[in-house]
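Think of it as A, B, C, D, E and F in the order they're written, each chain with its own count starting at 1.
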């Protein structure tokens, strides 16, 4: 299976390309607007071809799949080009920057009959997989309440374009909040949202300060550092969402989802379960769990979908996800 | 100063009456619909007079103040009677069961020119007082986000009328949530709410199970065991609220408020502060704090207000508080 | 129900008599060879009659039951007298001092058609009851290996007759080891023993030293301070037993039983469970368990047996228990 | 001194060969039935000669010593060949697979006048050496009771031939139990056993499950996963032994020996001492202990024995060790 | 033995009088300048006679001993009167307020042939007694360095006359420092001082602030809140002393002495020992130590000295102690 | 900027040379009396020239600066030569071995108009820099008491010439004590000393024992292993100093300075602050602090001083430092 890489950022070189290679895929091309960047990555991984546009890459190579690792605002157009060229697509999160884009991408995938998967690697962690398996087996009962936290104390990334609204479409919510929001919805079974109330703002990121993830340019920050929301769902459940790039809080960097079910509750990370049985309350946490690289497992799932049968569930879920995000930003 | 006690429940006998005595007040009467209960308490504390109705008590005694410790649904009427009789009033929380009741009570207090205080004793803890002093001194800057948790794992009270909607007007939210909601608003300076979205339901309380606060009657539960909400305010701040009487969670009994300000953040309980100074991040918590009985301090504040000058701030705040609660239940 | 108390030691006055009273029984008589002791206890609990011999007590009182709290070597004769007099019997542990005595008592109970229960209060702890319930529900699968520890570092009792072989019939094994041995057998379903190898001796107790449970008379110690054994059972299971009154070990006072089953393992105290599910290993321990007084529950069970229907299971189990102990001492 | 290596498994390449080199020995040959394996190891360590049979190696090389790292069932024959060829022998544990083999090897060593040492590296850990030194100095007094645990929760090795009874002669007991059994006996001074009762079985290893040491083939398991025993000795002491490859227990991987002496007690690992002095009880553990590689020290001891004077103590101890093991398996 | 009590402060009523009674002494009189105070204490403990002056008490009662519990500046005169009247004396610490006073009291004791003991109760704690026993047995070797800390963060007593220089003769050093200084000297064998350099001052105590031991009157403080010193001894040893009533330090209330010997080191409280043996470093602390009331043991020692044979060691040691203190204040 | 390295010990090769290179300096020469050592280091770092005497190096190279990393007793002469040759000098600590040497070096630096800095790298740690910044901002108020500890349990270095008094001029005090003494004085603002009393000796180092920093030659030890002192200052402050290379203490290796100020107290390492505010006591420690290599920062400060403007503060401080040390040794 031949694959082409679009974008050469950290996620491409540290997580995706090595795992495509490990999975036995044929990484034949890499694309970057700046030729030098593409060539550097090509040399590093022994990729034979380098392109400066997606169109060229799709024209000159016979690709089975592409892997998109570019800024958020570019996703939709590149996904569409790739699907139209008959490629399966693994696109980094977030899917795009609006519900409309998610809808367009879903339609294109169905039209092309190809797999469209998004890079929500938290879904592929060993503890998440274990919890999802338990939820599907009914261990939690009905999940009627959930909470999702993506809280950093001083965590605006000091690299990349994360503070640039034009290229990213948003800030803390679209970068880190989207992971926990997707994870909570994934565990809840992606119910349909009814009401959404949101609160988004820029409070600390526009002043210089300690940078736990490097020094960012406070003067040019154009995205939110804080996003909070409550979402209610048609099935009667509710979700509280709390996201910050920077805040005066105890947590240094907390990614956390909690689900409360009628039989048991669970939270990630780490995985903990809370239940009542035999007339006593129990807290359980796996003492031993075979860990695996979530990026590697994500690519295994992508390959299975490509080989077996394109399902559109993730592309459909992305529409719900972006609908909620649109309303929070509204 | 002569005071009469209305209601003889646990809060009256364990918290209020002993502290009135300690403060040098003259507890001259106690009222309970069931004469035997009134007499039992009268004997216990040496209170000379027992009444079966509020009206009688107010008629036959020359009271300066009353202390109301009855089920929520009775508050409003008793507050009005007492104010009209020229008494200062310290009424247990919640103020009443709706915004309209809160408005009526506020008006009556202003009309009578008497102090109307509510029993939010968490405001009077030593750590709360310290934090409030720091907030007022500007240590936190502007508070733009807050969170309030009142979470019990298996904590439906096995005594009293807490599961009776008719008498209490509500469940987990009105009993324990109201404490943390008031506390958060108090620390935020009671800003005006703009949007409220809520989620209220009965999920575990209607099934028998382990009772950490005694055995309750699951079959007759008529109130919510879960209440969650997000509130946005006119000043741009937001508040997440999460309340449960029972849930499959790790917390056994957590009362917690967190405030994020532009200079520092803080959370209760215990009091912790999070800030940045001299180019480093600091977590601070008071190593030593002179503790005091919050109920005792509440009564000191009540007496000061009675003696000096009736202010209506708490009665006004109660209107905002109930407006929010009304919308959550809506 | 009328009950008479035989013996006035600590277990009688601190554990049994108060719980008989609490359970609504009519404690009508107390017997002690030394009249003054009997009268002291009678005064303390308002017991109307005092006797100096069991025979007299059984003759002059119309008792429904007796509670035997005397040194081990006296149990058998007193149990027989009481059963012959038509009384139900709750006899302190150990049942007697040999398998023959246990057989004689079992036969007498059957002959009399009366309940004969022994004071193994560890069986009645809340955590034991919970574990037993889980074992009976099949949570552990087949228990094929168990371990029982009753280990004290410097714990020869400084009171009573615990160091007197003639009155007690044995030392550490009969006093504390018997509790954990019974508990392990109870959890395992009291399987039939096949092989027993034992090791019994006096190593530290005959020299003066630190006494964590008071000062004992090292010079007159006539019982073992150490007892260890391995028992194999006809069902293929095995049990390791390790008991000491005094030893140079880390444990100050450890009472512990561990069971390994084909589905899960468990240990007491505290209760911990070890299992594999959903491809992960879990350690579980009850976060909350309604505690109760094991002595109180023991008496409730005794009363139920008396009222409803005499079962001889405990009396039969005592035969197996003493068979094992006899072989360890052999 | 010239040495030849028999067998090329992990213990040979990670522990033995590097330490022979470090000790200045001349590793001149390596033997493996599969030539490719021998050549791989020869290349890795620059060993000049490779053989496919022990006989050839002993014939063509003038060896002073051999190091045997093959499956247990092959030890005896190889040891005999090497001793007959005039070599000192360091043979991996267990010595062989039966008492008879141990006796044959002892006799051969005496006949040859050569050192025969077994690879019990736990004896050579710094904490073991310290404890042994203290025991020899009388710090513990007489050791009258010991316990040896080798307990793994899910630890059947996923490599090698450990599950193959024909090649290994046994399972958990011969692989890991033998280490702690030897260690306990070593600390006790290798007393003569009197009675042995054992319990051996296969309970969890024959079902697929989580593998903390890799995935093993449950379907072909032919060895015990559980072995337990009690041994009494002629000097009046006793030893409890508890061994598992897999069990539903809390311990992930516990290797532990405990000795109780008349003056003090001790346990490994970590080293802790328990004693009474000056009228108080003390727990002591070395705060600092110069650590060393136990494999390196084992080889130093082997070289000393080779150079100075062949003593047969370990070979004699192996007879006792295998006598006990034979009876446990019986 | 008849004893009279001089002074009625807390130490008299909580520590001394109950222990005299417990020891079987005949407490026949109590003296206080304010008759009401004397009478209150007399009633509390059933003491038959009350006096307003020491002279009267000594005149009208036939006392065997007196117990002096008055402010420091009064000790010397009262000790002298009592000794002259033929009484044994137990005088609260510090002995007096200067070396000259200590000398005068020593001479008087010798002249009278009576026991003169001072109330250094830290010497009588179980852990101190154990350490002293070990030092005397040579476990530490030669003690060449010691440290004594008496550090309180906010610990000026809110009661008594501790802040009054005229009555107390000094502050932190004479009140709490003297305990640790005496303890260190006691453990070191009370060597003769050579050089003393000291630093004494008032830094925080004269400003209002948090009072962990009650509220003191900052405006009238006339004693030091800080005292530090280094003392060298004729035997070559040295002692660092650090004392504070109030300081901005982590320790809330730390009383600590550390001794470094050539064989081992030790520190109190808690008792910890540090040594090297068998080629390893060990930290030891007693796991179990029979605790006793140090005040009770102090009185037992006093009685033994009275009964058996007056030794003047403590009175001699007091001279050295005050010599050091004089030089620190100088 | 051209720099020459004098001495090739560990501090030169691990800390200094790599940081000069990192800072962009031109390391053109290295000097060592033993040519082979110089050449080894030259090869390692690509330094073009090697000399055997300082004079040659200064003659044949046009150096802007030198870095002195030789035994203490050689510092003064080498510093003088380098300054006279017009070089800036960074000399390892301690400055020299006496106050006179420090004065000579100060004068030479002023005469030459060149920077003379000493290698007190603890001053350049991130936590020290943060604390110094806070002290300079007045957070601590006046520092009236300080403590400096440099305590090792078994820490005589097993390499170098640290035990040679002739070359080093002293032992524990000059090697490790000097760091904490300088650090304390630096934080206190280098006040002028008034009184100094000291205690210096050799207690454990002259006997063989456990060596936590390698094996040293106990038989040839000619320096002190223990040094303790108290220093009082003209500004009324005091400093306790406690230093050991070896002692029977709990601390393995503790470098610690504590300052008590009138507003707050602080201690290093780790940095902790103790203060009172808003009526409560707070302990603060930085939760996050950007760490940096103190040696790198030391060289940055050196370069800044060289480039901008030679200040003589450190050279002046060295005079005070050595005055104190001289008196301790006296």
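By definition in this document, a residue touches a chain if its C-beta (ideal position, glycine included) is under 8 Å from a C-beta of that chain, and two chains touch if they have at least 3 such contacts.
A quick map from chain label to UniProt name: A, B, C, D, E, F = Oxidoreductase domain protein.
The structure presented is a predicted model; accordingly, all values stated were derived computationally and were not measured.
Participant: Going through A-F, B-F or C-E one by one, find the pair whose contacts repeat those of A-C for over half of the pairs by residue number.
Facilitator: B-F
Participant: Which chain pair is joined by more contacting C-beta pairs, D-F or C-D?
Facilitator: C-D
Participant: Could you give the separation in Å between the centres of chain B (Oxidoreductase domain protein) and chain C (Oxidoreductase domain protein), each centre being the mean of its C-alpha atoms?
Facilitator: Centres of chain B (Oxidoreductase domain protein) and chain C (Oxidoreductase domain protein) (C-alpha means) sit 51 Å apart.
Participant: Roughly how many whole angstrom separate the Cα centroids of chain C (Oxidoreductase domain protein) and chain F (Oxidoreductase domain protein)?
Facilitator: Centre separation, chain C (Oxidoreductase domain protein) to chain F (Oxidoreductase domain protein): 69 Å.
Participant: With centres defined as the mean C-alpha position, give me the chain D (Oxidoreductase domain protein)-chain E (Oxidoreductase domain protein) separation in Å.
Facilitator: A distance of 60 Å separates the two centres.
Participant: If a residue has to touch 2 or more other chains to count, which residues of chain B (Oxidoreductase domain protein) qualify?
Facilitator: 153-154, 210, 274, 279-281, 283, 287-288, 290
Participant: So in the complex, the part of chain B (Oxidoreductase domain protein) that touches chain A (Oxidoreductase domain protein) is made up of which residues?
Facilitator: Contacts found on chain B (Oxidoreductase domain protein): 140, 144-145, 147, 153-154, 195-197, 199, 201, 203-204, 209-210, 226, 228-230, 232, 236-238, 240, 242, 244, 247-250, 258, 260-265, 267, 272, 274-276, 279-281, 283.
Participant: Contact residues on chain D (Oxidoreductase domain protein) for chain E (Oxidoreductase domain protein) in the complex?
Facilitator: Going by the criterion above, the answer is residues 130, 133-134, 137, 274, 278-290.
Participant: Can you list the chain F (Oxidoreductase domain protein) residues touching chain D (Oxidoreductase domain protein) in their complex?
Facilitator: Going by the criterion above, the answer is residues 153-154, 210, 212, 252.
Participant: In the complex, go through chain B (Oxidoreductase domain protein) and note every residue touching chain E (Oxidoreductase domain protein).
Facilitator: Within the complex, chain B (Oxidoreductase domain protein) contacts chain E (Oxidoreductase domain protein) at residues 287-288, 290.
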